[in-house]
Each structure stands twice: as C-alpha cells, then as structure tokens.
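Lettered A, B, C, D, E and F in written order, each chain numbered from 1.
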C-alpha cells in the first residue's frame, strides 16, 4: 500500500485511540503552505508549455462544472436530507468545490503507477474552488443586497488556499522549468514526504470528526459516499468525452469533482453563511468523503476512466 | 476619574479581523489578543487546526464602551458563533489616555 | 442574579487533560486555556520544551463551583506540581447559561 | 489577610527579560507570561515577526508591590515602548505564600 | 569531529552563555516527530526482511533487560544516593528506559564509520522503552490498587514517543523498501540534518539543566556517568554473547541500555509518580548522561564491543 | 526572473492586497535559523581552506568599513533629513550594518550566473554586522557611563543572528567539507527553497511597512535608495582595489555595504537606544532598501564591479 495512505490510516488510529500525537498547528500551516506552493509551481511550469488559447475552452468547461455541482447537491440535501436551507447550501458548496489534499493524493497515485496526466491540472483546482462558494452563498441567502460581496470576494481570492496556489502558478509560469530547478529540492523532492505528514494530521483531524458522525445520523454517511461517486463519474465522463483529457487527466478531474473542500469553503461559509452549522459540512467532507476518496474513490475513478475509454474511446 | 473596565471576549479565531474592526468602531482605544482553546456550550474547541481554535480578546474601556461593544458582539455573533463575554472593574495606571 | 466568578489556574502543561476532566466533574460549564510561561516558588518554567511549560486556565462559574474546583485542584495537585489559583468577581453578559 | 492584586502589563516582547528582572527586584514572588498581539496608541502590533509582538505579563502581589512595579515600569519604559498596565483585586487560594 | 556532535556542543555553549538562540517549541516538536517517524520507518523496512520467529527470542531478551535494569538502579539510588523512594524509583525508570536521541546518534556514528548494524534495532528501542516505566511505578508505589493502570498504559503506549515509532515501524513494514522510496527525501536524506538541529536544541536544554547540577550534589554526577558505563557494558555483553548481534548491533544495544529516557519516562512519571522531583531525573539523564553518551559513551561501547569480540569471539 | 525574487514580489502583492497568507512566526524563526546556519556552515568550510594570515588584512579592512559607514550616514540623516539625534544614530547603525537576507540573495544571484566568489565572505557578514551597532549607540548617547555595555555586548554577540552564523562558521570549520556532507541535504540542498520562503515572508513584512512610508515623507525614500548605491559602490571599489577580491567577491562585498540590517541592529537599538523610533529605521531598511537591493541593487553592483575591473584592472 502507498505509504502516504498508511500515514493517513496511522493518523486515524492514533486519533481514535486518543494518543498524544499532534502536529503543532503552526507546523500544519507550514506544511499546507508548502503543498499549495508546490502544486502551484508544478502547474505553472506546465502551463508555460501550453498555448493559452487551447486551454481556454477547458477552463470554461471546468468553470461551468463548478457552478453546476452545488446546484445538483443542494436539493438532495434539502429535500432528502431535510437540512435547513443554510446547512444544505453550505454542504453543497463544500461538495461543489475541491480538496487540494485529495488532489495531491491523486497525483501521487498516478505517479506511482506511471500514468500520464496533464500537469496543468493545478489550474483547474483553482478554477473549481471558487464558483461553488458564490453559488453556496446565493443558495443560502438569495442574491441579497446584504451580502457583503466585497468581503466574500476577498475571502475567496485572498484566502490562503487560492492565493498560494495562484501565486505558485504565477511563479512557476514566470520562472519556467530551469528557473525553478534551484528550489526543486524543497518544493518537489520533499513533496511526497510532506504530503505524508499532512495526511497523518488529516487522519488525526478525521478521527476527531468521527464522533460527530453518530450525532448527525446516517444520511450524511450515505451522502458523503454516494455524492463523490456520482460527481466523480460525471467528472470522468466530461474529462474524457468533452475535454479530451488523457486517462490520467480524466482521473484527476474525476477526483476533483468528487472531492469536497475543507479549507477555502469552510472559511468562506463561516464568514458569509454563519448560520450554517460548520460541524455538519466538515463531518461529511473530512470525516467521510476525504477518507473515502483517497482510499477507495481514486482507484475507482481510474477504473471508471478505463471503462469509459473502452466504451466510448479516448 | 471614570471607572474603567476590562471586557474579555472568548470566541472563534475566524472572527478576529471582524471583531477588531467592530471594537474600533465602538470607540475603544485598543485591544489585546491571545490564542486560546477551550470548551463551552458549543463543544470542544481545541486549537488543533484553524477552524477550531479560539481567541481571547481583552479591551480596556469605560462602562459605556464596554456595554456597547458587548451588546453589539452578542447581537451580531452570539447565535452563530462560539462566544462568551465578561467584564470587571480595573484600575488603569496612567489612565488619562482612555 | 447570582454573582459569578473567574477562577484562574496557572499550572504545568502536563496536567491539561486531567484538569479539564476535573473541571467538568465539578460542574463548570466551560473553560478557556492559553499557553503560558512563568516563574514562581518552584522556579522558572520557560516553555522551552514540553515538561517545562505552563497553561493558564480560566473558568467562569459561580462561587460554589469556584471554591469546589480550587479546593479540589489544590488538594490533589498543589504538593506535587507548580500551581497557583486565584479568583475575582465578574459580570458575564447573557449569563443565564451559567 | 492582606488584599492581593493582579497587576497586568501588556508590552513589547523585546522587553521580556528586562521586565522579568525588574519584577523580581521589586519583590514579587512570581509572574506569568503569555504571547499576545494587539493595538493601542502606538499602532498595530500583530505578532507577525519578532519586533512587532507583545507579551502579556500577570503578577499576583500586594498593593505596595503592585504600585511599586507599575510605577517603575511606566517611569522606565512608557515613553519609549508600547505599554499598558492595569490592576484589580483578587482572592488567591493558599495565599499565605505571597 | 562529527558535525552533529558539534551542533550539540554549540547548543551547550550558546545555552551557557545565555544567548537568545532557541528553537520554537513547535519546531522542536516537528523535529522530534520527524526523527521518531524516520527511525520507525527504517526499522520497519528491515523488519520486513526478517522472519519473525528468529526475532522473537531477541525481543524477549530485550524485554527482560528492560525489567532488570531499573531493579539494579533502584537500590543504588535509594541506599547510596539516599534519595526518597519516589525519586529513586523515578530515576531508576529513566535509566532502565532509553533515549531515542542517543540511539539516533549511535546510528549516525556507525554509519560514518561504515560499521554494519541490524537496522531493525529500532524495534528494540520500543521494547526497551516500556517495561522500565511499569517497574518504576511499582517501585514507587508497590502494586497498589490506587494506581490508575489504564492511565499509565495510555501514557506509555500512546505517548508521542512510542506511538510515532511504532507507527513508523508499521508503515515501513507494510510499505516496504520500494514503497518508502518516494518519501525518502524527507525522512531519510534529511535525517542527519534534522538530527543536527535536534542536538542543537538538546544542547540548549542541557545547558539549562547544568545549574540544577550544583544544587543536587555530586552523587548525581557520578551516577550519571558510572551507571551508563555499567549498563552499556552489560548491553554489549548480552548483545554479543547471548543475542548474537553484529559488532554494530552490539554497540547499538549497549548504547540503548546505557542511555536514559527524557521523553516517554518523564511524562509517565510526572503523571503516575508526581511526588518524584522531575528536576532530579532530568538533570541526571539530560544534563549528564546524554552528553556523556554521545561524546564519550558511544565510542567507548564500540571499544568494549571490540574487546568482547576479541576475548569471547563474535 | 529568479524564482526567489518572484517569491518576494508575490509576498509584497499578497501583503498589499491584505491576503490571509502568513508564515507562522515560529516557522519564520525556523527558516531564519536554517539560513543563518547554512550560510555559516558554507563559510566555515571555505575558511578552513584559507591560511588565516592571508585573511587578517581583509578582516581588518572590513572592520574599518563597519566603523566608517555609520559615521558617513549619521550627519546626512541629522542635517539633511532633520531627524532627531537618536533616530539619525539608529538609522545610521542599520545602514552601517548588513542584511543577511540580501547577502543570501546575492550568493544565489551569482550562483545562477556561475560567477565565482570567495565563499568565506560569510565571515565578513559577521565582521560587518557588529561595529555599526557600537557606533550607533555612541552617536546617540555619546560615550556615556550610563550605557550598559555589558548588555549591549550580550545583545550583539549572543543575539540570534551573530550567534548562529558564528556557530555555523565554527562547525563548518571544524567538521570540514567531508564531515558536513552528511548534513548537506538539509543545509545546502534546501537552501534556495528555504530562501524562497524567507523572501515570501519578507515580502509580506515589507508590504506592511509600506503604509508607514507615506507618513514619514520622501526623504526616507530617497535615502533608502541613494545610500545603498553610494555604500555599494564604495564596497565594490574597496573590494576590488584594496582587498583584491574576485569579481563575485567584489559584488558580494558591495551588496553587504549597501544592505541595511533588520535583525541584529533593530534588536540592539530597541534595547540600547529606546528613544529612537523603530518604525523609521525598519521602514527604510525593510520597506525600501531591501527590495531595492535584491531587485535592482545587486545587478547594479555587478555592473559597477565590471566597470571598475575594466577601468582599474582586477
């Protein structure tokens, strides 16, 4: 088994058994910053190799996905899950957006198997991260004049997640592959090790979410597993049929659509839709969907991607 | 000389910037913030990661400002955020500046 | 309305989990903890590493709980651990929950 | 029994060692320090890096020591450093050691 | 001289001269976590190569050592050192257990000299760490019903030290040498650099212990030097004569028995034998035995191991 | 463009746009420690290759520069800038001293261009850092009996900056090139990546200084640009004509004289000349001179060094 997944499992076990192991929060911050910059840098280098015109249709397509996913999730949560409007909107925003950690695991998964993917996918993380937040707020409040859109925009674009990834993208783009070489030992060589530590801490956090799971019933459990399968399949089909991505790229896109945010969206929702209960969405996205995706989802999306290619052709 | 108060607020870290603005708007001349963790009616907030940590804010101010700030914060945030506020009398040395 | 108190405890970080349990057992509704360093009768505790750092715990509670907790903590830990406890009156806004 | 005080000082982190010495020289039996950030008359001190962060010092002592320390600190540092001091009455459990 | 030892000396000098250099405690935590995981991972990989049945007798032997060492140390401390029962028990527990930092230095020492050792020794660190704590508590309190054994067990097995090393062992075991390769840059390539920083901080901490040395008289000083020589020789002899370890493995076992804990045991004693004065045991283990071992002890145990081989044969 | 400069620009942009990106202060500390040790270690290794007698004249020369620079800057600040005596003295001390960050960028700049420089220049950083502080205090207070020289000396020699660099120098010197090899992955391979993170944070801090710039008028802006050009040229000329440094070494010395301290000196001034306003000196050194030097100054000093060689000969 991939050691990074084992680190996650280790984290869950240590968390559940109430061990004293914890990463100091400043180290968690440091590690997140390194991961976000690394992913951005890699994406930026590859972006420099693409003519932007060929990318534009793909970007627009991904943007559209970002708007549609939360609109699909919202009624399911409201009518089947019987959640309050604010809660349904907030959870929908989490699932419409993406998880950078899951994305990183999918890259590691494909690298281990030497499956090619478009490295510029990092750009899509950013593109997918944003629309769901806007839709989430609108679903919760309508297009109300009261909403402080200035604050929302600030939260979205200048929050740690997006700012560092976009920053990394630009630095990678401008410095190019040779320029970045001198900083590769920190940002690229250590990447998987840093990701392992990140997953250890994610395991610990996931474990602390598990107790809320009982409290919020089994709808969340089902939702947290079925929704990513549905969204993941959708992502795979769009990626391979409409966007012409490679097999690996298709898997990454499927992973992105299947994943649920736990960095940018919780922060934005907490500020903009404070009446939504943050435990609900974090329990689902961190406690269920994140472990599901990194342990079962990603291999599943690869199988789906393979089948899709076989049925429809690449 | 006017009796001065310490108003202490323990609440979620995500509110730091907003509350800092609120405090100034209500006429306080300053504030002091420390990182904290804790437990209350809304469960354990153990500072493990960003969305689950508290801040502890202290404001030296007169009674009027104290009441205005605590009323505003509780009205605005109390329903949706973990929050507790309390106050007590203090003697401030060189208090002419408050 | 009943007069409420802040009980503050400064003690060794290793006691954090145990004290949190003790506090709840004695009926307090919450607590707030910050990391601290300091000096007292048992020498310098300067937070350099795990076994030499302090925590500062604050509890909002009524007089009875305040006395019960401080008595219990001092009886249980005072002989063997660095510890100091003190309390004072506070006004808690929306205090109905205590 | 003598009424005891908490003297709280919020000031620049660079002063930590000096102030710790000053406190002891004036006869206090201990102190507790936490890291802090804040805003006051001398602007925002947001702990971003070393030269812009605060400490919050608490001293349990009697009125005389409290006045002596705060007078000394304000005379020595107030003009040149960000600083605020305030005090209030407390009940210290097992206070015979102060 | 090995630069990692120089870092320790630098730390002591900076500490004694009251410089402002300090590692933030969160960084110290981070570095400890990395070291513990690294050692565990390396051990786990090697463990996967051994049939478990050949290991079992060795494990039992090491376990036995762990029970005996504190029982040897206790009466010395109580009758010659005139320590109170609780203090004697606590110090005995520290010396019966092991120091991961000293272990890491011994590995680095052997690597530099290209002396082979059994990599699975990391397992013995864990095995040796635990029994001394139990014996220490029993020596202090008798087999009292009051002792909260649940809490003790939790403290021992789920404290940071044991949990991360065992966790690393399992991950290394399950992932195997090829699996771990992707995280090697962080966990293996940086190992000695991280160890250097760790020793810098240990030097600073050691310096802060030196002042208590005067206060507690010279018995501690003698004990802190003679006890490791005795225990180290015992370890060497058992390792080479009873366990059939290689020359390097013998040195590592000698270092382990000679070393005194300053992570797992202090934490456990503080909770379970609070009436013991923690300054006493830390002054001895950190202020005396740790520097003695890394600067004089380890080379000495190598010499003893060599002589033993020459006299008795390998 | 060099990615490390891009990281600085990214930091400034994120800071100005009030993004939430921040390095935790403990991480900033950690990174500073790594940089200071790395620079020291590299310097120490090279120092071991030099006979000390050939170095002595150079060291004395650099020491003299350190005494003269603040004496040049002081009257300019006092009479043209109309600063109070204490403020003029403090700013003069900052500009007479050096910035380790700027030094590191100049090394990276030369490495990228494969321009040789004397690696032992790290020694000069230390030598230049100190005299300016003493002169600054004397300029502010006269040679007063009240000045606690004990405290000043402690502050200067045992402050983080000097202590770690000198410590690194000694470790590098004693361990030598082969000894240091085992810790090279952390201290040397990661150097530029760590420097990139450092510059990201410096960008954020610089941005936070920009607002004070308006308040303190345009004299500081002019001073912060012209003073380094003057001091940089002086450094280049002395380096190439009087000290016989290589082209790269000349550029490094020019960068050192041009740079202004923001670690050792602010700390020392805050304690020893507390009546000086620290915002003034930090605005100038961090808000103006640091970005000027790393983006414009260093290439400029290379051009000046080239011209000097062409005119006067190397």
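What we mean here is this: contacts are C-beta pairs under 8 Å (C-beta built on N, C-alpha and C of every residue); 3 or more make two chains touch, one makes a residue touch a chain.
Since the structure is predicted, the reported quantities are computational estimates derived from the model, not experimental observations.
Novice: Using the touch definition from the top, how many steps at minimum link chain A to chain C?
Specialist: Tracing touching chains, the least step count from chain A to chain C comes to 2.
Novice: Count the residue numbers both chain A and chain F use at their shared interface, divide by all numbers used there, and answer same if that is over half, different if under half.
Specialist: Interface between chain A and chain F is built from largely different residues.
Novice: Suppose chain centres are the mean of their C-alpha atoms. Which chain sits farthest from chain B?
Specialist: E
Novice: Hey, which chain ends up farthest from chain D, C-alpha centres compared?
Specialist: A
Novice: Quick one: chain C and chain E, Cα centre-to-centre, how many Å?
Specialist: A distance of 34 Å separates the two centres.
Novice: In whole angstrom, how far does the Cα centroid of chain B sit from the Cα centroid of chain D?
Specialist: Chain centres of chain B and chain D, defined by C-alpha means, are spaced 20 Å apart.
Novice: Could you please state the distance in Å, as a whole number, between where the Cα atoms of chain D are centred and where those of chain E are centred?
Specialist: Spacing between the chain centres: roughly 41 Å.
Novice: Where in chain F do residues touch two or more other chains at once?
Specialist: Within chain F, the residues that touch at least two other chains are 24-27, 29-30, 185, 189-190.
Novice: If I count partner chains per residue in chain D, which residues reach a count of at least 2?
Specialist: Correct list: 34-35, 88.
Novice: Can you name every pair of chains that touch?
Specialist: All touching pairs, sorted by chain label, are A-B, A-E, A-F, B-C, B-D, C-D, C-E, D-F, E-F.
Novice: State the interface residues of chain C toward chain B in the complex, per the touch definition above.
Specialist: My answer: residues 4, 6, 20, 24, 29-35, 60, 88-94, 97.
Novice: Going by the contact rule set out above, which residues of chain C touch chain D in the complex?
Specialist: 10, 34-41, 54, 56, 70-71, 74, 78, 84-88
Novice: Which stretch or stretches of chain D touch chain F in the complex?
Specialist: 12, 14, 18, 43, 47-51, 53, 77, 79-81
Novice: What does chain A use to touch chain E in their complex?
Specialist: Within the complex, chain A contacts chain E at residues 1-4, 6-7, 10, 13-14, 17-21, 23-24, 26-27, 30, 108, 111-112, 185, 189-190, 192-194, 196-197.
Novice: Spell out the residues on chain A that touch chain B in their complex, using ranges where they run on.
Specialist: These residues of chain A touch chain B: 22, 25, 28-29, 201, 204-205, 208, 266-267, 270-271, 274-275, 278-279, 282.
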